[in-house]
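Below are the C-alpha cells for one structure; questions will follow.
By letter and in written order, the chains are A, B, C, D and E; residue numbering begins at 1 in each of them.
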Amino acid sequence: MSTQTSTLLSQIEMRDLVKRFHHQPVLNHLSLRINDGDLCVLVGDNGAGKTTLLRILAGLVRPNHGIVTIGGADPISDPQVRRFIGYVGHQPMFYQDLTALENLVHYARLYQVEAVQHTVIQAIQSVGLTPYQDQPVRTLSRGMQQRLSLARAALHQPSILLLDEPYTGLDQDAAAFLDDTLQGLHTPGRTILLAAHRPQRLLTIASHVAWLKDGVIHRHLPVDRLGEDPELGRYLQEVG
Amino acid sequence: MNVAKKPSLLVILDILTVLFMSAVLVLTWFFTPVEAVMGPVQKVFYFHISAAWGGMLSFILGAIAGAGYLRSRRLGWDSLSLASIEVGLVFALIAILSGMIWARPIWNTWWVWDPRLTTTAIMALIYLAYFILRGGLSTPEARARLGAVYAILAVLTVPLTFFSIRLFRTIHPVVIATGGGQGSAFNMTPRMLTALFASLLAFTILLADLVWHRFRLAQLQNPLSEEEN
Amino acid sequence: MKPSVSYLAAIWTILRKDIQVEWRGRQGVPVMLVFALTIVFLFNFALQLSPDLQAGLAAGLLWVSLAFASTLGLNRGISLERENNALDGLLLAPMDRSAIFFGKALGNFCFTGLVGLVLLPVFSLFYPQNMLRLPLVLVMLLGLGAYTSLGTLLSALSIQARTRDVLLPVLLYPLALPILIAAVEASRGVLTGQSLGDVSSWIYLLLAGILLFNAGGLLFFETILEE
Amino acid sequence: MKPSVSYLAAIWTILRKDIQVEWRGRQGVPVMLVFALTIVFLFNFALQLSPDLQAGLAAGLLWVSLAFASTLGLNRGISLERENNALDGLLLAPMDRSAIFFGKALGNFCFTGLVGLVLLPVFSLFYPQNMLRLPLVLVMLLGLGAYTSLGTLLSALSIQARTRDVLLPVLLYPLALPILIAAVEASRGVLTGQSLGDVSSWIYLLLAGILLFNAGGLLFFETILEE
Amino acid sequence: MSTQTSTLLSQIEMRDLVKRFHHQPVLNHLSLRINDGDLCVLVGDNGAGKTTLLRILAGLVRPNHGIVTIGGADPISDPQVRRFIGYVGHQPMFYQDLTALENLVHYARLYQVEAVQHTVIQAIQSVGLTPYQDQPVRTLSRGMQQRLSLARAALHQPSILLLDEPYTGLDQDAAAFLDDTLQGLHTPGRTILLAAHRPQRLLTIASHVAWLKDGVIHRHLPVDRLGEDPELGRYLQEVG
C-alpha cells in the first residue's frame, strides 16, 4: 500500500464548492487547498459547516456545485480514491451487535488491508481497547466508541485523514494517544484536516489553521504566521 | 440453598416420575380396551390429552412465577418461569404431534384447519415468540422483567385455547362436555377413564419433575440469582 | 397512579406531540391507508378469491388489512421515541410512566381509527356491501381500541430487544389473534344484518380486551420501560 | 463497475458481515419463520378459508407469508446499516457502491431462502400436498431472488425518507405484485403436477425480474445512496 | 416553582450502589453524597461508569442494588422527584421532525412549566438558537443540538442538574454561555453534578471534584483542598 501512497494522493483541493439545504447555502462558493504534509485545523462556530465540508471531502455528501479533487483525482468518479481517505465523523459507524474486533475486521476487509487479523489487533491495542475487544460495540461507553472510531479510520493507513472533533469523549490517555498519533502522522505524504472547537492544544502540532465562516474559508494561515492576523488570533483566543 | 447439590425431594420426585410413567404405559397397553372404531391408534389419546393438560398447567405456572419475579425481583422466580414455559412448550408440541399422529389414520390427514387445532398451534407460536423475545435481550434482568410481563399477557390465550371448542363449530371433540359428552367421538369405558386419570396424574408429576430440573439448570447458569437478596 | 390533573395533562401532552409529528409529516396515516389497500389487492390476486366468496370475506379482509396497516403505525410510533433516545426525555418527566402508555396508545388509536374510517367507504365500493354503518363503525373502533392497546404494550417490550425492528409483529399477531377473531366475527355478524345484541359475546370479548390491556399498561408500563 | 477481484471481495465482505450479525443474534431467520407461520394461521381464521379451497390456496398462502416475512428481513437488513450510520462506513469504502447492493441483496436472499426451505416441509404437513419437491424449490428460489433484489433496491430508497420505518412495504408490495403473481402461478402449476416447462412463461417472468432488478441495483445504487 | 425548591430537594445521596452488566460490576458498592449548593465535577477514565452513574441518578437506569435519595425522597417510588432534576446526556433526546421550538414546548408542557411560550422562547434565545428555532431538529448541527439540550434541561428550573460532558460540540460562544450559566446556577438551593474529561476550565467555578475509579468514588474533595491530594492533583494535571 505504501507504494501507492504517492505525494499526489495527499493533496486536497476544493474549488467553488456550494452546498445548499433547502435553498439556504451552507457552503457558498468555498475554495480551499490543503497541501501534502499539512495538518490543518478547521475552526468555526456551531453550524458553520465544518461537518458538511468534511463529509463532502469524504465522498458522503455530494455538493450542489463545485469540484473536489484528491490528489488530482475526482473521488466521485473514481471510488479507488476513497482508499486513501480515513474519516471520523460525529457518529461511530459501527454494527452494534458485533464486537469491536469483528467490526474492525470487517472494515479491514473492505479496504483489503493485508494481514487483517494482525493489523486489527494492533490497532485495537493502540487505542487501549484490548480488554474490551470481544464486547459488542453496543456495550462500549461513548469514549470507547470514539477510540474505536479512531482505530478504524487509521486501519488502512490513509494518506488523508478527515477528523470531525476527534477529541470528543476521549479521556486523557486517549487524548494523549491522539496527540501522539497526529504528531506521528504529520509527515510528508500525509494530510490531516481536523475540525475542532478548542484548537489550542493542537496549535503546537498543527501546520495550518482554516477558519470557516459565512460559508467560505474566511482565513487560512500557517500556524507560525497566526500573529499576523489579529482577527483570527482573537477568535482562537476566545475559543481557548 | 446450595444449588449445586441435588435436593432429596427431587430424587424422590424422579423416582415417582419413573414409576408413574411406567405404570401409565402398562395401563394403556394392557389394561385399556382397544377402541372399536379407531383401533390401537386411539391409545395415543392418553398421552395427547395429558400432554395438552400439562402444557397449559405449565404455562399458567410460568405466568405465576413471572408475577412472582415482578413482585420480588429475585431471579429465582424468573428461572422458574422460564423452566415452566420451556417445559410447557415441549408438552404443547407433544400434544400437537400426538394429535397429528392420531389424526392421520382417523381424519386421513395430518392436519385440519379446525379452531381447536389452530388455536393450539398459535399457543405454541406465542410461546415460541417468548424465546425470541428473551433471545433479543442482553441482560438477565431485562430478560426476567420483560419475560415476566410477556408470560402474563400470553397466559390469557390459554383459556381461550381451551374454550375454543365451545366458541366455534369444530370437528375436534369436546370431552368435558356439560351434557355428558354427547359431542364425544367415542364412549369411554370405565377402564379408559381410569387410565386417563392415571395418565393425567403421571404427566403432572412428570411436569413437576422436568420443571424442577430445568429450574436448577437455569439457577446454575445464573450464579447471581441466589446472591441477590 | 392516581388520575390527577397533571397525569391527564401529561397524557394529553404526549398525544398532542404525536399528532403534531403526524401533522408535520402527514405520512403515517396516508402510508397506512395505501398499505391497507395494497394488501387487499395483493390478497385478491395471490389467493384468487372468487367474487361470490368475496362478499363473505369482506369482514376478514378488512381486519387483516387493518391489522397489518396498524402495525406500521405502531412501529412508527415507537421508533419515533427510540430515535435519539427521545424516550429518555419522556422517562425523565415527573409523572407516573403509565401516562406514557396512555398517551401513546391514544395516539395509535386515533391514527388507526382514522385509517379504518376511510377504509370503510372504500370497501363499500369494492365489495357488494355498504360498510359505512354505525354498528360496524362501533365494532371497528372497539376492535382497534383493543388491538392498539396491546400493540402499544408490546411495542414497548420490543423496543428494548436487539431485534427491535422486527420483533413487534411476531409478538403482536399471535397474541392479538383472539381480538382479531372477535372483531372479524362481530363485523361479519353486523354485515349479515345481525344486531349488536346478536354478536354481544364477541363485543364483550373486545371490551374485555380493551380493559385487560389497558390495565396491563397501567400496571406494567413502568416496569417495561425501566432499564 | 467491472467485476474485479476486489469488487467480488467487497460483496463477500458485506455478505459475510450480515451472516455474522445474524449468527450472533440468531434472530432474523427464526423471527421470519415464526411470523410466516403466524400469518398462515391468522389467515385461516380471519378469512375462514374452507377446507377444500385450502388445497388450491396453499401456493398463494405460501407466497403471501413469504412476502410478509421477507419484509421483516429486508427491514432488519437496512436498519442494521442505518443505526449509528454504519452505512456511512460502507459508503466510505473504496469500491463501486453497487457492491453494497449485491452484498445486501445476497444476504437478504440467503435468509429468506432459508425461511422458505423450512416452510416447505411445514406446509406439507398442514396442507394435503407434498411441497418439498425440486421444481417448487426452484420456483421458490427464483421468486425470492427477484423479490429480495427489488426489496433491497427499495429499502435503500426508503432509508432516506423521513418515514423510513414504514415506507418499505408501501413501496415494495405494489411493485412486487407481478413477481408475486408469477411466483404464485408457477407454484400452483408445479403443485398441480405441471412440469417446469408448462409454467415456463411465469419462470421467464421471474428470471426477467431477477435480471432487471439486479441491473437496477448495478446502475442506480450509487445514485440512490448519495446524499 | 421556586417555593417548592426546598433546600432538601437539592441534596443527592447514593448508598452502596451496584450496577452490573452481565455479571461485571461497573459500579461496585459506590457511595457518594453531594450537598446542597455543590458544583461537583465527576472525572474518570473512559468506561469508568460516569454515564451509568448519572443515568441512575436521573432515574433512567435502575441499579442492581443500593439506594438513591434525592432530597431524602426516593426518585423511583415518587415520580414527582424527577421534577427537580435536569439531565443532559450523550444523546440529544429530541423529536427530529419537530422544530427546536416545538420540542422545547413539548418538554415544558411535560414539566408543567408556567407561561410555556415565553419560557421556551427565552430559553432558546439564551443558547443563541433563535434564528434556527423553526427548523426541524434533524437539520441542526451537532453543536446546535447540544445547545438545545442545555436549554431543555434548564427549562423547568431544576434544583439538581446532571450534565454528562455538556461541553461536547459547543463552540466558544456556547461554552462561555455554559460557564456563565453554571456560575449563575451555583447557588444555595441548587446542586450540579457534571461529568467532564477536561475539567481544568471548570476548576475555577466548581466546588468539588469526585473521581470515579474501579467502580467506586476514589476521591471526593473540595476544590480548595485539591493540593492535599497529590494523586488526584496528578490525575487532573494529566487530564488538562
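One rule holds in what follows: a residue touches a chain if its C-beta (ideal position, glycine included) is under 8 Å from a C-beta of that chain, and two chains touch if they have at least 3 such contacts.
These numbers come from a predicted model, not from an experiment.
Q: Quick one: point me to the chain whose Cα centre is farthest from that of chain E.
A: Result for max centroid distance from chain E is chain B.
Q: When I count C-beta pairs in contact, which pair ends up with more: C-E or B-C?
A: C-E
Q: Among the chains, which one keeps its Cα centre farthest from the Cα centre of chain A?
A: Result for the farthest chain: B.
Q: Distance between chain B and chain C based on Cα centroids, please, to the nearest Å.
A: It comes to 32 Å between the two C-alpha centres.
Q: Would you kindly tell me how far, in whole Å, the mean C-alpha position of chain B lies from that of chain A?
A: Distance between chain centres: 60 Å.
Q: Using mean C-alpha positions as chain centres, tell me how far chain A is from chain D in Å, no decimals.
A: 38
Q: Which whole number of Å gives the spacing of the CA centres of chain B and chain E?
A: Here chain B and chain E have centroids separated by 51 Å.
Q: What residues in chain E touch two or more of the other chains?
A: In chain E, 21-22, 62, 97 touch at least two other chains.
Q: What positions in chain C touch 2 or more of the other chains?
A: If we look for residues of chain C contacting two or more partner chains, we find 25, 162-163, 167, 170, 174, 177, 226-227.
Q: Residues of chain B touching 2+ other chains?
A: 122, 125, 129, 132, 136, 138 - these are the residues of chain B that touch more than one other chain.
Q: Taking the complex as given, what residues does chain B use to touch chain E?
A: Contacts found on chain B: 138-141, 223-224, 228.
Q: Where on chain E does chain B make contact in their complex?
A: Of all residues in chain E, those touching chain B are 20-23, 62, 64-65.
Q: Which of the residues in chain A end up touching chain D in this complex?
A: Listed in rising order, the residues of chain A that touch chain D are 55, 58-62, 79-83, 85, 87, 89, 91-98, 102, 106-107, 109-112, 136, 152.
Q: Which residues of chain B touch chain D in their complex?
A: Touch residues, chain B against chain D: 100, 109-113, 115, 118, 121-122, 125, 128-129, 132, 135-136.
Q: Within their complex, state which residues of chain B touch chain C.
A: 70, 119, 122, 125-126, 129, 132-133, 136-138, 142, 145-146, 149-150, 152-154, 156-157, 160
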